[in-house]
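First chain written, first letter: the chains are A, B, C and D, and each begins at residue 1.
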Amino acid sequence: MPERIRVNVLFFASYSDLAGRESAEVIVGSPATAGDVVRQARAMFPGAERIPERPLVALNQTHSKLAAPVADGDELALLPPMAGG
Amino acid sequence: MPERIRVNVLFFASYSDLAGRESAEVIVGSPATAGDVVRQARAMFPGAERIPERPLVALNQTHSKLAAPVADGDELALLPPMAGG
Amino acid sequence: MAFLVRRPIDERALVQRVAAPDRGGIACFLGTVRNHHANREVRRLSYSAYEPMAEAECRRLLDEAASRWPAAIALEHRLGDLAIGDVAVAVVAAAAHREAAFEACRYVMDQLKHRVPIWKREHYADGTVAWVDPTGAQALNAPAEVSHG
Amino acid sequence: MAFLVRRPIDERALVQRVAAPDRGGIACFLGTVRNHHANREVRRLSYSAYEPMAEAECRRLLDEAASRWPAAIALEHRLGDLAIGDVAVAVVAAAAHREAAFEACRYVMDQLKHRVPIWKREHYADGTVAWVDPTGAQALNAPAEVSHG
C-alpha cells in the first residue's frame, strides 16, 4: 500500500458550482477515510468550503459512510441532496 | 300509501341463473322491508331458494340494508359478490 | 361521463384527462385479464354489470376519493367479452404530490372491487364456465359450474 | 438495460415490457414536470445525474424490490432539458395481485428519490435558476440562487 493515497473526487450539481469544477485529484496520507478526503477537498478550492462538512458521499459508485476507508485509485463522489423523480 | 307494495326485483349474474330470470314483480303487504321482499322472491321460483337468505341488495340503485323499508314502485336488486376489476 | 365501456380501454386518454401543469404525480392501475384463476386455465371472460347503479356508484366513489385527496381521478371499466391480456379496468389519479396520487388510485381500486356491481364470468380451457366469487363462498360456486355453452 | 434516457419516455413500452398473462395487476407512476415549485413559476428544468452510479443504483433498487414482491418492474428516468408536462420518470410494476404491484411501484419511487444520484435544476419565470433541494436545507439553496442564464 502506498504512503499516499490518490482519490478521484467528483463534484455534482450545486457542489460542482461551489467548487468551480467537476472533479479533482485529492492526495491524502495513508490510512484515510472518505471523511478525510472530503475535508481536504473542501479546503482545496475557494467556494468549496460552502459544501457541507458532512455531505452524502458515494465510494466507487456505492453510497458510503464518511468513516469508510479509502484506497489508492478510489472514486469518491460528493452528492448534494438528490432530486430525481 | 297502498296496502300492497309492488317492488321490481332484479337478479344479476349467478342469481339470475338460479332464478331463471333477470327480474320479477314482487308484491308484499305494507309495511315491508327489503328483507321481506327477498324472502318472497326466493320462494317464487324453483332454484331461487339457492340464493343466500341474506344477499347483498341495492334499493333504487344504492347499497342498502335488508332492514330498509320499501315503498311502492321501488327497484330492489339482489347482488352476488361483486367481481369487477 | 361513462365509466363503463364496451371498447378497448385507452389508458393514455385517461392520463390526458387528469394531467395538468400543477399535478406532477400520476398514479395508474391497469387490471388485465389473467390466464389462470384458482389453478384453472382461463381462455376468456365476460364482464356484466347492473349498469345504471354501477355508473352511479363509480361517480359516488370518485367524488368520495376527490374529497379525501386533492387529486383528479379517471376510471373506466370494460364490459362484454375480453381476451387474456386485455385491460379490464383502468384507474388514473393525478395530484401535486405522489402520495395523494398513489393513495387515491389504490383507494378507488379497492373500493371498486367491493362496491361497484360488476360481475365476471370465466370460460375455462375444459369448456366449463363460472361466475367468479372473490369471497370464495361455496354456495355461490356451485351454480357457476353449470356450462353456459 | 439503460434506466436513464435522453428522449421522451414511452410509458406504454414500459407496460409492455412487464405485462404477462399471469400478471393481472399493473401499477404505474408517472412523474411529470410541474409549473410551480415552492410558489415560484417554473418555465423548464433540466435533470443531470452521476450516470454510472445512477444506473447501478437503479439496478440494485429494482433487484431489491423484486426480492420483496413477486413483481416485474420497469423504470426509466429522463435526463436533459424538459418542458412543463413532460414525463420525467416512469415506474411500472406488474404482479399477479394488485397489492404487490402497488407496493413495489411505490417503494421504487420512494427509494429512487432518496438513493439515485439525479439532480434537478429549475429555470424560473424571473430568469433565475436553482438546484432543487428536496430537504429544504438553507445552505444548499443559497448557491442555487446564482443565475446560470
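As a working rule, a residue touches a chain if its C-beta (ideal position, glycine included) is under 8 Å from a C-beta of that chain, and two chains touch if they have at least 3 such contacts.
Only a predicted model underlies this, so the values are computations on that prediction, with no experimental measurement involved.
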Considered without chain C, the complex falls into A, D | B
Treat touching chains as neighbours: how many steps, at the fewest, connect chain A to chain B?
3
Could you grab the centroid distance between chain A and chain D? Build each centroid from C-alpha atoms only and quote it in angstrom.
25
Averaged-CA centre spacing for the pair chain D and chain B, given as whole angstrom:
51
Averaging C-alpha coordinates per chain, one finds the centres of chain C and chain D separated by a number of Å equal to 27
Overlap residues in chain D, where contacts from two or more other chains coincide
31, 98, 109
Of all residues in chain A, which are in touch with two or more distinct other chains?
85
Name the touching chain pairs, would you?
A-D, B-C, C-D
Residue numbers of chain B touching chain C in their complex, please.
10, 12-14, 17-18, 50, 52, 58, 61-63, 77, 79-85
Chain C - residues contacting chain D, complex:
12, 15, 19, 21-36, 84-85, 96, 98, 101-102, 105-106, 109
Interface with chain A, chain D side, in the complex: residues 31, 47-50, 52-54, 56-57, 77, 88-89, 109, 112-121, 131-135, 137, 139-140, 142-144, 146
